[in-house]
Each structure stands twice: as C-alpha cells, then as structure tokens.
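In what comes next, chain A is part of two complexes: it sits with chain B in the first one and with chain C in the second one.
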Partner chain A sequence: MTRSSQQRLRDELVASLALMAAVAAVPLAVTNDYWLGVLIVSMYFVFLAGGWNLLAGYAGQFSLAPATFAMLGAYGTGLLAYHWQVPAWASIPAGILAAALIGMTLGRIVMRLRGPYLALTTLSFAEIMRIVIGNSYDFTRGDLGLSVPALTNNRLVWYYVFVATVVLMQLALYALLRSRAGLYLMAIRDDEIGAASRGINTAFWKTAAFTLSTALAGLAGVLYAHFSSLVSPELGLILQTGLVICMVFIGGIASLVGPVFGAFLVYLASEALREAGGVQLIVFALLVILIARFFREGLWGLARRLLERPAP
Partner chain B sequence: MPGQRVLNIDLFVNGLIMGSFYALMAIGLTLIFGLLRIVNFAHGEFYMIGAYAYTLAALKLGLSVWLGLPVAFAVGGIVGWLTERTLMRPLYAGYASWGLMKDEYAVVVTFALSLLLINLVDKVIGPYAVRGPGLVDIPRIALGPVMLTGHKLIATIVAFAMIIATALFIRYSLWGRQIRAVAQNRLGASLAGIDATKTSSIIFTLSGALAALSGALLAPIINTTPDVGSFPAIKSYVIVVLGGMGSIPGSIVASLLLGVLESFGAVYISYDYRDAFGLAILILVLLLRPQGLFGEKGREV
Partner chain C sequence: MNALAARGIAKSFGGRKALDGVTFAIDYGELVGLIGPNGSGKTTLLNILSGHLVPDAGEILLDGKPMHGMTPVRAAHSGILRMFQLTRVFRRMSALDNLVTAGCALGLEFGAAQARARELVEELRLEHVATLDAGNLSGGQQKLLEFGCCFMVPPKIALLDEPFAAVHPTMKEIMAEFIRRRHAAGQTVLVVSHDMPVIVELCRSAICMNAGVVLAAGETREVLANHQVIEAYLGGEAA
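== the complex of A and B ==
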C-alpha cells in the first residue's frame, strides 16, 4: 500500500470516528425515545453497509443479499431463544456464527460466478430464504414474526451498545484493510486474473470477504433482534438490500467512512421524507443513478475533493 | 381416475398459458442479457408499466381495450429506449477507466432504476391494486375438458402471435440481422458498417415493448401493483439462463417448461413455495452448467 493510500485510509477512519463521537453525544441533547430509536436503526444499517462495502467496494463482489444475512442472524438468535430458551449470551454469538457459516458456504459456492451471475444467484438465494422463512409457519411462525426476549428496555443502554459496536467494527475494518489481506482483496477487485497470477489465493480471499461481510450482517441482525424484540421476514426484503446499496453509493463506495455517513444520512432522511409524503425512495434511487453514472465516489469523495484542493 | 386426468390436463394447459406470457417477457431479456450481456434488474418494471398503461388507458382514458395493447407496447418501448439512451451508454465506451467495473455498474444502475420506477408509480398512481378489463367479455369457454376465460384464450393467442413475429423479425429482417451481428461481436459488427449503438437502442426498445405487452395481456388476470414486476423479472432470468443465454427458441421452450413445472409444482409439491422452485433451478443451472451460460459463440476480429 502506498503512503498516500495509507494516509487516505487513516483519514477515513478518523472521519468515521469523529462522526461516531458526534453520534455518541446526541443523547445529551435529544432525550426523545423515538429519535434515539431512529438512530439505533441507522446504526443497524451502518453494520450492513459496512459489511456490504467490504465485499462490494473493496473485494469487488456485488452480492445482492446483505439484508438476507441480517435476517438469518436475527432468526438464528430468535429461534434459539424461542424454541429452546437459550440465554442471550449464547444465542447472540450463535446467530452471528449461523449467518457467517451460511455466508461462507454461499461464498464458497458462488465463487466462480462474476458480475451479473453473482448478483442473480445471490438475489435468488435472498428470495428463497425469505420465502422459506415466511412460509415455514410451524418453525418460524412465518410472516407473523418471532418475539425475542428483550435484554433491557432502556433505550440509552442499547444506544451505547450500538455506538460501541460500530466503533469496534470501524477499527477492525481499518486493521484489516491496512493489512496484507486488504491489499489482496483490492487486488482481486482490480484484476482477478492478475492477482491470481501473482500467487494470491483468490478463492480463499473471496470466501473470506464473503464470510466477514455476512458475519457483520449477522451481527446487525442479532443486535436488532434483541433491541426490537421482534424478528420478521421483512428484515430480508429486497427493498432493505436496496436501501443498503443506496447508503453505500450515496455515502461513497470503497471508503471506510462513506457507508457510515451514508447509512445515517439515508435513514434519517427517509424518516424525515416519510412525513413529507413518502418520496424518500424516489430521491435515493435517483441519487444512486446519478452517482453511479457521473460521480462514483459519492458524497465522501466530493467532500474529499473539496478538502484536498491545494491552497492557492 | 378420470378426475385426476382432467386436473392434470387443466394444469398442463394453464401452465402452457402462463408459459406463453413468460416467453413474451423473457424474449426481451434474452436480447438484453443473453445477447448484449447487460444485466437489467428493471426488466420487471417494464412489465409493470405495461400493465398500468393498458389498465389506465382503458379505465381512465376510455380507450378500447384493443387500443390498450399497442399503447402499452409503445409506452414500454419508450421506457426501454430512454433507459438505454440515458443509462447504458457508458457500458460501450470504456467505463472501466472510472474504476467501477462494467457489470457492476449495470447491476447498481438498473437495480436503482427498478427502485425508482416502483416508487414513482406508487407515488403517482397509488399503491392500491388495479385490475384491467378483459379483452373479450366471455367468462367461460370450454376447450375440451379445460375451462378458460375468454380473455385468457385471446391473450394467449396474441402472445403466441407476438412471439412468432419477434422470432421472425430477429431471424429475417435487416435490423434483426444487425442485432445478431452485434451480439456475436460488437467490434466486428461495427467494422462491417453496422451502427452498434443504434442496434443496442433497438434491442432495449424492443425488449421494453415486449415486456410491457406481456404485462398488458396479464393485467386483467393479475392484480397490478407497483411491485408486481419483481417475480416475473426473476422468472425471466431463470428462463434466459435455462434456455441457454441468447437463444430465442431456447427461451421459448424454457418459458413453457417453467410455466408447466410451476403449475404442477403448486398443486403436487407446495403452493406456498411455488415461487421458490424457479429460483432454485436458476441457482442450480448457474452453478452446475456454467458452460451452458454462454449462448452463441463470439467471433474474434
């Protein structure tokens, strides 16, 4: 990794930590439970966006199933608690592990597919999972959803659990991307055949990226399940995946801070626009099209370009 | 058991009928995905727009239902043309220099386009289901042991006529031959004096128009809602992949096969999981027969 790209990664980490520090200070000013809840759900999307960005932005594998793995993680923990009364300290890691294992298996299977084929396969997988969970009434209670025992009803506790976990995720992603593994992933994204010819085990690293990304989605799902104490197949709607993609593209794909920023921006804006008549998805979809068409680096890229302009 | 036999014949015929609508939709996607190798996640929305165009032309504008079909065809064609004109052009002109890979650009842009069209229709027309008037007002026609509504019969005939017309168009007309040339090799075709960009434009227009017509024909049978296109779209992908990527006869056979399979699967295996069958087939074909994915061989220049 060249000096300047290391510098850039560090800037992105600092920017995202600064953003999270601001988020951590919000409860000083806002005590409204509703808005704290909105911010908590935004952070749920931060995990999904961060995980998808690792897979799509850094490793170049465009999966269309991030929301599905959140659903799988949430059902993993939810079913353990519902059927066998497994306590949260065991069911939370079990849910994440379930999502990661299924993700690893899927990653292993779809390895040789690229571009549109990968997108189609993951999209089909997402729909199959949602149909199966939504219709297996006896085991999952289907579309009614599953209630999960709430660990605590104190919003503030949940709020800081989410903030702390997001910070941990950012630090972990930073460490990963700075390391050799990060270089391998980016090499695979930029030129897979070239990377393989330089001795990178592309199969291994692509599966690893898939597994990590789905583990992050699973983490989002289990936290959300215990926070909202309800899981339903709606967590895995394609629309949710669409939101995650909007967040990453609007914030700025292939940067550490872009998805974090994008998740907060898109989710808060969608709450605000919902009251203005439900035009939020029209706005986001248009923004994504414009960004993908004309300005790939998203809002973070725009900000950086303005900041980096040399002083006259 | 005679009752069983009648049921089976009924399932078979209904499967073929659904298959003919699938085919109309899948041919458009065969052209885009199979021949141009561009993924289009908004294909289902072309279908949805066709269903709305037909229904609204009949109910709001008071046009004859027979005029509703060409209206839907034209509206779908315009949307397809606009999609190509505004979003697809960078795919031909070295988008790679932007750092976002070509295929991934198409995935994201058409995915967002699908989101945009669904929510635009939801906002402008409303999320409530609408149902178009039938082409003919005959509630029941007996075709041997099979009972059909008059609309279903006429719509199936129209669908088959359009499928045959499209197949002949691609096979024999000048534009059709240009389309096949560009599909084989874009550079080679342009060296031979074919305007490849114009040809792509024709493909998108035709593809949008056919999907919209399929939606229009189904509008009196299904409840049209803004997100009605998502399952037909996924099914079209199943068909295109199953039919050998880019082969029009292949995709027609695959459409009829899928229609019949679903019709039987819903009764004999499970109704709740009927939409999952096709998806499972898609994954299996993509994984187990990747060599079957690459339709006609390209030619080097």
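== the complex of A and C ==
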C-alpha cells in the first residue's frame, strides 16, 4: 500500500480512536443506566457494522445476514451455558467460533454467486436460521428466549468491556487492511476477474472475508448475550440487518471510522425517535437514499472533503 | 521446445465454432502479432490461453508442458499474464496500489513491490497520477497502468489484447517503446492488434486468424502478403 492510502487509513484509525475516547469519557457525565445501556447496544452495532463493512465495503460482497450471525453467536454461548453449564470463558469463544465456522461454510457455498444472487441467498439463509431457532422450542425455548448467565450486573464494567473490544477490533481491522490482504480484498471488490488474472486467489480471500465478517458478528452476539442475559430470535430479524446497512452507508462505507460513527449516530437517533414509532426506518432509508445519491462516501467522506479542501 | 504452444484448440459457443483447431507456437523471446478481422476468434483464443475459458478440445503447452484445468489464477502463477481489451484496473485503488497489488499477488515482498511499482510508474510516465484512484485516470493512462501490472513480475509470456486501441499517439509510443525494450531484453510477448503499421513495425512474426482458424503464420511481411489474408481482410474475391 502506498503512502497516501496508508495515510488515509491511519487518519481513519485515529478518527475512530478519538471517537472511542470520547465514548469512554461519557460515563463521567452520564450516570444514567438507561443511556449507558443505549450506548452499549450502539457498540454491539459497531461490531456488526465493522464486520459488514469489511465484507461489503472492502471486499465488495453484499451479505444480508450480519444480524443472523450475531444471533448464532449469541445462541452458541447461550445454549452451551443453558444445556451443559459450560462456563463463560469457554462458551464465549465457542460462540464466536460457531458463528465463524457457519460463516465459512456459507461463504464457501455462496462464493460463486454475485451481486443480487449473493444477497438473496444470504437473505434466505438469514430467515431460515431465524425460523429454525424460533421453532425449536425444546432446544432453544423458541420465541420465549433463552436466559444466559449475566457475568456481572455492573453496567459500567460492561460499558468498558465493549469500549475496549471495539478499540481492539479497530486495531485488528487496521492491521488487516494495511497488509497485502487489504489490497487483495479491495482488488476483488473493484474487479474480480481482473484480480484473478493478476494471480489473486479470489475464492480464498472472499471466503476469508466472509469468515472474518461473521466472526465479528458472532463476537457482537456473544457479548450482547451475556450483557443482556437474554437472547431471542429477534436478534436475527432482517430489520436489524437493515439497521446495520443504514449505519455503514450513513457513516461512510469502505472507511475504518464510518461504520463506528454511523452505528452510534443511527442507534442513538433510533432511540430518540422511539416515541415516534415506526418512522425510524423510514428516516434512515431516506438518509441512505440521499447519501447514495449525493455523497457516496457517507458522512465521513463529507467530513474528509471539507477538511481536505485546500486553504484559500 | 516453445515458450507457449497451442495444439488443435477448439471452442464453440452454442452451435457456432469460434475456434476450429487452432495450432501455433511461440518461441522464447519472440514478439508475435496476432491479427485478424473482427470475429476471427483472437480474443477467444486469448481467453483460453489465460484460463478464462476452457477449450472444448486441444491443449496448451507452457515450456513444453501441457497445462490442464487452467484457471486465471493458475495461469498468472505459471507466468501467463494478460492485458484486457476493455481495461480491468482496480478503480478505487490508487495507481501505485494497483501495481503493488499485482506484484504482491505474484509473491513479491511488500517493499520490493513498492520499489518496483515506482520504477514502472516512472517508465510509463504515470508519476503525476500515481496517487490518484485508478478510476480517475484517462482511458489511455488506465491502459498503461494495466500494462504495467503485467510486468510487475516479468511474465514468461505477456498476452496483450489490443493495447493500442483508442490510445493517444504519445501513449501508444510509450507503450511500443516499453514493449521494444522488454523484447530486446528477452521478453516473450503475444500482442493482438488491429493497428497494422504498429504490428509491421514492432513484430517480426505474426499469426493471422480468420473464422476460428489460423490462416497464416510466420514472418509478418509474408503473412500480410498471403492472398488468403488479404482476402479475409477485404472480404471475398479480392486478390
């Protein structure tokens, strides 16, 4: 990667770390448990948005199943704890691993599909998984939801666990994207046939992106499961995936900071609009349309353009 | 032993025979022009040589060894690199990153790839646009860039599909000069082109195809003087 693109990536990392520093400072001013909870759920979406952005923004593969893999991760740790009393230190990595393995398998199957076919296949997978989990009463307790051991009830502890994990994710994504893997993923996104002709093993790298993306969704799921101490099939609603996609596009797709920013913005706004009922998704959908039409690079792209404007 | 050879390559699309028993050989260090009227099967042949299409019959030999089950990735790693008629650059990556990616994909270390990319950028006169996204380059610059990507790691054979089509004369000259220099250094190249003057000037030998078969192969001037070739170009009773 050349200096200018490395510089851009570093700027994005710094911006996202600055944002997380601000988030880390919030509890100094806000002690209200409800709002801390809202911020924690926002960070749950940061993982989903970050993972989806890696797959869609950098590798160009549009999956419609990020929320599903969060649900699978959450049920992974939840079921292990519920049926076999597996301790959290083992069930949490197992949940992430389960999501990643299922993601890798699905990734291998859908790898040859492109564009709308990929989206539709992942969408059907998402609905099938949600319905299977919802209907397997004996095993998953279906729509009643599954209670998961809460590791601690101290909101502040959870808050900083989420903050620290988001920071780790950002550092890991940064390291990945500035390595040759980042170049390969972007090359596949821009021109898959061209990438293969240059000797990039497109099948391998697409599967790798799919696996990593679902692992991040699984991570979101296991953390959420133990934080909320309840998992239900609602985690995998297509509506949740819709929110994730809105977050990435509004914040700025194919940037490190955009999805983080977008997740906070969209989730906080959806909390604020809760009173107004079902208008949230209409508002976000309109925003996405406007952004797709006028500033493809989202709010982060807009901010960068303003910052980079040459001095008069 | 030849650098690249094809034996009896056939390919049909539906009921139409695009290639009907194509046989030819290219020696090490040769610079061969592949000519022929539109629809004669040149690009189909290139697609087969680079692993993008599977032939119905026949085989391809690289270094005298038959290549079976060839895919574009395998072709690239075995040393067959191609340039497309419709440019395939990575549009949202900088020009330099395009080159670095091509180098890394064929096993160069990061630092080596960067150094090599800078050399090529200079040689292809792309310095002033090197940090721009490739999609913002002009059509000709994109061709130069893709051309450079084929030479990040010198291939055993470079397949160039219409590199000179719709390119500004200055850039055409940069590219021709580049090909000449590499050829002098021993690079094997197969170049498809409609631009007869360039082919005559650049390539000592040529292969002419029409309707899926090789009409003539050998010294460029002899190929162009072949009455079948003239007939194919002028369409019908001429000559």
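Please note the rule applied: the second predicted complex is superposed on the first by the 309 of 312 C-alpha atoms of A that agree within 3 Å, B and C clash if a C-alpha of one lies under 4 Å from a C-alpha of the other, contacts with A are read in each partner's own complex, and residues count from 1 in each chain.
Here, a residue touches a chain if its C-beta (ideal position, glycine included) is under 8 Å from a C-beta of that chain, and two chains touch if they have at least 3 such contacts.
Because the structure is predicted, anything quoted here is derived from the model rather than measured.
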item	value
Which superposed partner A:Met186 touches (first chain B, second chain C, both, neither)	second
Which superposed partner A:Asn201 touches (first chain B, second chain C, both, neither)	second
Partner chain(s) touched by A:Pro149 [first = chain B, second = chain C, both, neither]	neither
Contact breadth on chain A, by residue count: chain C or chain B	B
Which superposed partner A:Pro87 touches (first chain B, second chain C, both, neither)	neither
Touching both chain C and chain B, counted on chain A across the two superposed complexes	none
Residue ranges of chain A in contact with chain B within the complex	56, 60, 62, 64, 109-110, 112-117, 119-121, 123-125, 127-128, 131-132, 135, 238-239, 242, 245-246, 249, 253, 277-279, 281-282, 284-286, 288-289, 292-293, 296
Residue ranges of chain B in contact with chain A within the complex	33, 37-39, 41, 87, 90, 98-109, 111-113, 115-116, 118-120, 122-123, 230, 234, 237, 241, 272-273, 275-276, 279-280, 282-283, 286-287, 290, 293
Partner chain C, residues of chain A touching it in the complex	1-5, 180, 183-184, 186-187, 189-191, 193-202, 254
Interfacial residue positions of chain C with respect to chain A in the complex	50, 52, 71-73, 75-77, 81-82, 84, 88-94, 96-98, 100-102, 104-106, 110, 114, 117, 130-131, 149
